[in-house]
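Two complexes are shown next, each including chain A; its partner changes from chain B in the first to chain C in the second.
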Partner chain A sequence: MTDLRRAAGPLAAILGLVIVLALLQASGLAYWQGLFINLGIFLILVLSLNLSSGFTGVFSLGHIGFMALGAYGSAILTLPLREKQEYLPNLPAGLAGVHFDFHLGPFPLGFLLATLVAAVLVALVALLVGLVLMRLSGHFVAVATLGFLVIVRVILFNADHFTRGSRTFSNVTPYTDLWWVWAWALVVLYVVRRIKRSPFGRAMLAQREDRWAAQSIGIAVMPPRLLAFVVSAFFTAVAGSLYAHFITSFSPTVFYFDLTFRVITMLVVGGMGSVSGSVIGTVLVVGLAEALRRIEDATLLYGMSQIILAVIFILIIVFRREGLLGQREIALDRLFVKGGEPSS
Partner chain B sequence: MLLYVTQQFVNALSLGSLYALMAVGLAMVFGILRLINFAHGDLMMVAAYFAAFALFANLPLGLALVLMIGGTMGVGLLMERVAYRPIRGAPDVAALLTSFAVGQILQNGTLLFTRLIQKPIQIAFPSPELLNGVIAFGPVTVPRLNIVSLVTGVILLVLLSLFVTRTTLGLSMRAAAEDLSAAQLMGIDINRVIATAFAIGSGLAAVAGLLFAVQAGQINPYMGFTPVLKAFIAAVIGGFGSIAGAVVGGYVLGGLEVFLTAIPGIGDILPAGFVSPEVQAFLKQWLPASLTSYRDAFVFVALILVLLFRPNGILRRREREEMQ
Partner chain C sequence: MKGKLFALVVIASLLLAACGGAATTAAPSGPIKIGGGFALTGAESSLDVPAANGAKLALKEINAAGGVLGRQVELVIHDSQYKMDVTAQIAKQFVEQDQVVAVIGFTDTDSVLASGPTIQAAGLPFITAGATSPKLPTQVGDKMFLACFGDNVQAAVGAEYGFKNYGKTAYLLWDKGVEYTTLLSGYFKARFTELGGTLALEDSYETDATDFSAQIAKVKALPQQPDFYFISAMPYNVGPVVKQFRDAGLTGPIIGGDGYDTPDLVSVAGSAAENVFFTTHALMDATGGTEGIKKFIAAYKTEYGHDPENAFAALGYDTMYLIVDAIKRAGSTDSAAIKKAIEETKNYPGITGSITFSPEAHVPQKGVTVIAIKDGKFTLGAELVPEKVPAP
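Up next, the complex of A and B:
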């Protein structure tokens, strides 16, 4: 009985989400659909960053580099052959003939496969990068990962056989819709939540709180850090793929510091280490940024919205350093459970 | 051959001076507060705007310089007072992220300002006559800007070292860098020391900003980002927090960058018979594009290597605890 009651909370939340999405879909309001797609993509980015940076305390400023690799990787795989020949004539022979356009009925299986292939490759890159960088801590790892972001950018600009260099990569098939984004977001939400409650997750938090104490009771530092980094790079690449197939044309400049800082703001506002905090921080900051952007467009005071967001960021760090939720969680699974045993 | 090497050597020294001027400010603040102040690059940008508007207003060069340095110091002090003092003692990463937010405010504030006065985002920098043209030393011609950068850099860094070693305030600053709370217990007014560090760092960044702006020929609100990353690398190479180390790191980085840029020319200037023709053809074909366009990537790989293997800089003994 308790199990059923426990499942009821999350199921009710998912049902609510599905109803909202279905209404949006039926309404045909392109603006709101786009906003919700953006929201879902940012949610994946923030949850992933929280997994590696919030849980382990090893702060990464390089995640947007993984997003860029995921975007380019999957876009190259799904690009139709004719466009490929026209836009990327110098692709190596092995890639030039590849077009992931398999369908399972109306379901674009090729998009899913391309996303997964790109994400697995990015996870391998993250494994290599992580083996080197996860040895560092504090602000030094932050700056080293920022170095990774710069390196990815330089490579994207120069590898024009694959990326068209500084020119726009366009004509990506617009597969991404509300359902794709939110299905992935729910998967990421579930996995991150599960990891937090798993022994690995406890190890991540333990070595963040006190590395020496954790080590002295036999908790290794590297494995949990590396696991968090690789899994989070995987999901960040998924977000990159969703983004690429949503806006359909992009260039390396998109994936740089502004986006990095935007995602970090959402994470810090919500609270590093809290999964529910990531959801709340993302919704608040995406909503606020969008409102400010519209005011900016109306008043032509460009730069205003960024200033306001940065001031809010500083105020949060000064007055509520743990973010809105700190490390607490909103326990959806206890919504319909009366009193009794704790859930996590 | 010799000519080429000499020219590149002067380039390396002048670029190194710029990086050293920037890195010193980062290192002073880091030494005392353990804060990596990424907004330091935006101070440089702000300085370039002060200089540009002073020169647009046809002020004499001397007055423009005073306004630029004074204005930038003011911005630096303000940012310390408003953003960094309230978070003193916060964890490393929180402070680092705050400095990014401060940088965003400076960048977008400048953007907003240029919009309000209806200027384009990218402005052509009105270089003072003094900094244009070339100087010839016999067969070697060197841009005047490079000589000015080199001389200014050396003079300012010597003055700084005199200040740090010969004055009471300089001594307090070194004491604070050694141990902030002990210095406070000894009756040193640390707020004054920290403000001084920010003021000096901002002043040096202002000079570097002017030189960068002249070199680039144009300025925009985002111009500070890459230089501050480079300055950070310079400071890390020299052992973060050490002023002397930051200077050395600046020149090492300048040398490394000029080396990576200059090396593609090697294929053309090697004396005949020095290497076999095949090797020379190979060098000519492969060195040019690849090395120069990947320069920033190489520089960051160097940073990561230093962080991993010589976390206390190339000058100091290795003490891993500090980094981990």
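Up next, the complex of A and C:
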């Protein structure tokens, strides 16, 4: 009986989300759909960053590099042949013939495959990078991951046979819709939450709190850190793929400090280490940024929204350093368990 | 338990509040709405703010003169913050919430590509004020127009001007971090080699570079200095790169594109900016310019308290007049009719030059202004039309 009730909370939340998405889809309002797509993409980014930085305490400034690789990787794969010949004439023969633009009935199977292939490749990159970088701690790892971000950017600029270099990569098919984004977001939410409660997650938190104490009772530092880093890179690449097929044109400059700090803001506002915090932080920052932008249009004080967001961020750092939720979680699965009368 | 419920209520009410803002309806007899997308904050703002100011100035004049079709005109401006997700969103805002009849704005290719497809899909005409990539109409679609010349045109003028006045060998340096500078240098090379010129050396740098000594060392190592240097740079780099070339003793003519059209060039490079020439849309000079430019500069100064920062102010001004002119000739606010009227624009006398469109050509063949820097001032070098333009 408790099992059913435990499942009731999350199921009710998912049902609520599906109803909201279905209403949005039916309304045909592209602006609100776009807002929810952005929200979902940022949610995936924040949850992934939380997994690697929040849980393990290994602060990464380089995650947007994984996003960039995911975006370019999947976009190169899904680009239809005609566009490929026109925009990427110098692709190596092996890649030039690949076009993941096929459908299974109405379902764009190629997009799913391209996203997965790109994300797996990015996860492999993360494994190689992580083997070196996850040995570092504190400021050193932040600087080293920042270096990774810069390296990715330089590679994207110079690998112009694959990326068109500094020129805008355009004509990507707009596959991303509400359902794609939120299906992925739910998967990420589920996986991250499961990892937090698993032995691996406990090990991540333990070595974050006190590395020496954790090691003294036999908890290795490297495996949980590496796992978090690789899984997190995988999902960040997924977010990159969703972003690429939503915006449909982008250049390497898009994936740099600006996006990095927006994602970090959402993570810190919500609380590093809390999955629910990531959700709340993302909803608050994305919602607030959009609301302030609308006020900006009315008051003509352009730039004000960014100043206000920055001030809020500073206030949170000063007065509530652990973020809104800290490491606590909102337990949806207890929503229908403790409270109210049991209705046999 | 209460805490959880409270959190849920807060989230639900936030969502409701957010949705409440959606309701906007367009009054058919109110002002004619035109969307203005500009990156008013962020790295592109030194070009977009003047462009937006120019457009607002034109709007004020148009409305003071009675508007168009007996209605006032409203320019709905949204700041894209030079963020691509925000840029994509404001395109949707123009189409759905503001229900504009046409869109103008932006001075860079990335922003136009991020917003263009939505505007194209809605069937609205879109004139960019200053994004100079001649590929835009083929990339975005048949509703896309440029108010400025394409990079292939200004690069051809740069190549021909250098070839005729200075000689057959050139040095080519470009910023490889930006599409505009990459395209510009490519078109320059195409036209210059076609003329029979040779490039003594080709080199590039990163867009965030501040030190150009590595590139300069390679130039100095050349057995013979080229007749001129073509440097394709962004506004924030032109000052330092020119100054460092001069400090290293390289005194030959430097030629560039409209990225040089910024007050920073003279204020950063100082006397080093002598013997620098660049192609741009118009000379913003209150004494040496044309009648239209003089009037524009005076009006701009009264409105904003200072001279126009660069030619993008004039482009924003022209773009606004261009779209209103098309609405007038279309005689309606129907988007298809406006688009057709834009395509029928013949020799529209803009202050940045005469503008002509056709169903085939959505990039105007405008004259290019070559500016020469003399005694720390922008002076008119030449008004040119290229003899031959490289394919986009």
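Some points to look at:
Definition applied: the second predicted complex is superposed on the first by the 331 of 344 C-alpha atoms of A that agree within 3 Å, B and C clash if a C-alpha of one lies under 4 Å from a C-alpha of the other, contacts with A are read in each partner's own complex, and residues count from 1 in each chain.
In the analysis below, a contact is a pair of C-beta atoms (placed from the backbone, for glycine too) under 8 Å apart; a residue touches a chain by one contact, two chains touch by 3 or more.
What you see is a predicted model; the values in this text were computed from it and never measured.
Partners chain B and chain C, once the complexes are superposed on chain A, run into each other and clash.
By the touch criterion defined above, A:S170 lies against chain C but remains apart from chain B after alignment on the C-alpha atoms of chain A. In the superposition on chain A, A:F157 makes contact with both chain B and chain C. When both complexes are overlaid on chain A, the residue A:G303 reaches chain B and chain C alike.
In the superposition on chain A, A:I14 contacts neither chain B nor chain C. By the touch criterion stated above, A:I219 is placed in contact with neither chain B nor chain C.
By the touch criterion defined above, A:S137 reaches chain B but does not reach chain C. When both complexes are overlaid on chain A, the residue A:T248 reaches chain C alone and has no touch with chain B.
When the two complexes are laid over each other on chain A, chain A has residues 154, 157-158, 302-303, 306 in contact with both chain B and chain C. Residue ranges on chain C touching chain A, taken from their complex, read 1, 4, 7, 11, 14-15, 18-19, 21-22, 40-41, 76-79, 81, 83-86, 88-89, 92-93, 95-97, 109-110, 113-114, 117-118, 139, 176-179, 181-183, 206-207.
Considering their complex, residues 36, 83, 86-87, 90, 92-98, 100-102, 104-105, 107-112, 115-116, 225, 229, 232, 236, 290, 293-294, 296-297, 300-301, 303-304, 307-308, 311, 323-324 of chain B touch chain A. Across the interface of their complex, chain B is touched by residues 57, 59, 132-133, 135-140, 142-144, 146-148, 150-151, 154-155, 157-158, 211, 257, 261, 264, 268, 300-304, 306-307, 309-311, 313-314, 317-318, 321 of chain A. For chain A in complex with chain C, the residues that touch the partner chain are 20, 29-32, 34-35, 38, 154, 157-158, 165-168, 170-171, 174, 243, 246-254, 258, 280, 283, 287, 290-291, 293-294, 296-297, 302-303, 306, 330-331, 334-335, 338-339.
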